[in-house]
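First subunit A sits with subunit B, and in the next complex the same chain sits with subunit C.
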Partner chain A sequence: MALPQSLRTSVTPPELELVASQLLIEIVPLISMEKTAFISGAYGPLRPPNKAKIPLWMAVNLKMKKKCHIVAPEWLNVDYLQDKLTQETTGPSFSSLPFRFTEIAKVILDVASDDVENPDKLRSLLKDLREARQAKSREGLKTLDHSELSLSNLCSMEINEIRPYFVQSMSILTQLVRNPGPDPLRNP
Partner chain B sequence: MDFDYFSIDAILAENQKIQCTFKHEIKNMGHLAGGSDRDIAMLSKVQIPIWLAYTVIYSDWAEFNIPAPFGSRVRNALKAEPTSVRLSNLVGAGGLWYGFGKTIMEILSDEQADEMSDALVKAFRGRLLEVIDQAQHFAALGHASGGGASSNTAQSFREGLDTTERELFALAQESAKRTKQWSERR
Partner chain C sequence: MVPAPPDDREPDFLEEDVVETPLEQLTRHWMNERHAPDILPAQEALLAALLDHLRRQSDAVQLLRGDPSTSEEEHIRIMLVQTEIERVKFIVRSYVRTRLFKIERYARFITINADIQTRLTAAERDHASRHVPRSTKNLLHAKLTDQHFYLEILQSLPEKQSHLDDTPMFVPPMVTEPDTSRPVFVHALKQCPTVRLPDGATLDMKKGHVSLMPYAIVEQLVARGEVELI
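This part shows the complex of A and B:
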């Protein structure tokens, strides 16, 4: 295959961002628009000052033209994330956050930092969260074996980051282990 | 690392030589030993590559000893501290220590092979964390300050990685770098 080694096992972060941009988010429109059909579905109508739910990519587009305010999702605030960070640093398991929170938080903070409260604090909290969780996935590496690994509540960006070398390591271990036990997935 | 028929890694791994002791005199095969003798004498010790050794050993013309890269000295060193052994020195540049071990494993008896597999797995797992840690460290450094501040042990560990681990290192580094680039964009 002509693809570079690193692209064969996982997608790139910008691609993940693209996927996350399909998720719906609430906005407060500043313009009115009739219900409009897109390939992914029909969105609207937009009637200021009523809230509307549209895909993130569309919200970003409108926001850049100053035609809406983005309403931050309920998990994107200082209290909630602080709470999660405490859980993260005190407990051994990953705290549960929305699957694509990294991507969504970054997009919102990039284009609409004036619509969230205290964006700088949020950024540093997200960074702390990322580091705390990274330390845990490193712990997971210690328990790696040839057949399975369970790290629940890992989010999409983290899975994507560790996928190439976790998969590779496991396939090496499969080669090195003699008579690997029965495949757990095949036994009902 | 896989052992497919077409796998380049497998071919390279089978290119390592092991020492065989011939049990019979073999006529007209002296060139295998690299010398000018016409025949291979009984009980002579000859270094032959593994891909050839398979047939020779299965046909019961020769027996072999576990090669030095997997000998008790190396095993004890690995048991004591997996990260202190320089695997690349054991199998030469571009060598596949794990691949070599895997091929040896296949010609050993069950009991010895289990022991070998155990040693390989322990070595791999013992070194994995350090490989990934260093890969992420280097991804975080970026291009500008490529490894000026790293300590001696870390550097000698890096030089001692075998090819399999090097690939893993590159994968982890690339992946961490990509994620970092994305999160720092704009």
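This part shows the complex of A and C:
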């Protein structure tokens, strides 16, 4: 078939990672490179030790060849995430985080954990954040109706995670309240 | 200290205010297509431009590869361009396949619905019609499946029930249609016009708003690029 069964109703986390990897990130290059035209835009020139902004996928590529250091985004540090976690556990609403923070944090911690401070603490904070937010989105299922559900500040990966339950629950609710007016099956 | 976010907005290196590049546009259309229950308008010009760009980049790489005097730094540059080509090809392929999947699934419906046909490219229309019988115009996927159903079952049924588009009482229709009431996750890219929800309430979506609602409500907004599906 044109599309495998597993890809028909949702997208996969690796696909979200692919989308997120297009976002720009700062690096400290260890090689120099002329300004180059890519399909997504022109990047460079790279002149060590000046910082440069390039897409995350490119940074990952260079990092794996030990040709750059990745500068962690300003939200990827212990203080900032600790603060968000406090907000998350004390307030009822979702704290606002960059839309694709899960994907970006994962990629950076996977390939460049030596470029961030205290990677283990970051990992555990990200995990706590995820659990605190997950608990809230499960609560949100209670308020679901057939019409609309606002999910402000929910992030890309979190939406993908709750998608199956939420879409199906809402579909069922829609069937239950469907306007019994003109029904082609009953009015031949 | 936590760095103060610039002008109220959360620090994010997702720069939505700048003009989308062709690749960003295709990525958005790809994700929309993956999430929407219906077939969205074809992006022929955009796709053609990107395929053209892909070809030019590949040619450039081939040319540089042939040069034996490339330095190590030049080598890395070629590798990066090559990597991007593969990334873009993946998105293009997945986008086209997603449409193909929907076209085959709704082939019969496409042949009888003029509105959905306007959203397909000429090649896609041909493919859809590959599967409907000669009687219902010369459309290929619809033709093949129709013939199959007719030969296997329909020809042995009483005349009144031997057509796929019969509407007998108490039986759901046999022609598969896109279910536009299926809920989707919507992300507003700009301030959107007011929409009316199934329960009668209205909703004003501000930029950045995220919501779950039936696809039919936001169909127009998706087509106009005011919201994206996530």
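Here, the second predicted complex is superposed on the first by the 171 of 188 C-alpha atoms of A that agree within 3 Å, B and C clash if a C-alpha of one lies under 4 Å from a C-alpha of the other, contacts with A are read in each partner's own complex, and residues count from 1 in each chain.
Here is the rule we go by: a residue touches a chain if its C-beta (ideal position, glycine included) is under 8 Å from a C-beta of that chain, and two chains touch if they have at least 3 such contacts.
In this text the structure is predicted, and so the values were computed from the model without any measurement.
> Contact-wise, after the overlay, does A:S93 reach subunit B, subunit C, both or neither (first, second, both, neither)?
neither
> When the two structures are overlaid on chain A, which partner does A:I31 contact: first (subunit B), second (subunit C), both, or neither?
Second partner only, subunit C.
> If you stack the two complexes on chain A, which partner ends up touching A:L141: first (subunit B), second (subunit C), both, or neither?
first
> As a test of reading the superposition: which chain, subunit B or subunit C, is in touch with more residues of subunit A?
Comparing subunit B with subunit C, the partner touching more subunit A residues is C.
> Which partner does A:S124 contact after superposing on A: first (subunit B), second (subunit C), both, neither?
neither
> Touching A:N50 in the superposition: subunit B (first), subunit C (second), both, neither?
In the superposition, A:N50 contacts neither subunit B nor subunit C.
> Is A:S171 in contact with subunit B, with subunit C, with both, or with neither (first, second, both, neither)?
Both partners, subunit B and subunit C.
> Once the two structures are superposed, pull the subunit A residues common to the subunit B and subunit C interfaces.
Comparing the two interfaces on subunit A, one with subunit B and one with subunit C, the shared residues are 10, 144, 163, 171, 177.
> Which residues of subunit B touch subunit A once you look at their complex with the stated criterion?
Going by the criterion above, the answer is residues 1-3, 98, 101-102, 105, 113-114, 117, 120-121, 124-125, 128-129, 132-133, 135, 164, 167-168, 170-172, 174-176, 178-179, 181-183, 186.
> Okay, in this complex, where on subunit A does subunit B touch?
Where subunit A meets subunit B, its residues are 5-6, 9-10, 12-14, 17, 102, 106, 110, 130, 138, 141-142, 144, 157, 160-165, 168-169, 171-173, 175-178.
> Going by the contact rule set out above, which residues of subunit C touch subunit A in the complex?
My answer: residues 1-3, 10-15, 21-24, 27, 31, 34-35, 50, 53-54, 57, 73, 76-77, 79-81, 83-85, 87-88, 90-91, 94, 97-98, 100-101, 104, 167, 169-173, 181-185, 197-199, 201, 203, 208-214, 217, 230.
> Can you tell me which positions in subunit A touch subunit C when the two form their complex?
Going by the criterion above, the answer is residues 1-3, 7-8, 10-11, 15, 18-19, 21-25, 31-34, 36, 38-41, 57-58, 61-62, 65, 67, 73-75, 79-80, 83, 96-100, 144-154, 156, 159, 163, 166-167, 170-171, 174, 177, 184-185, 188.
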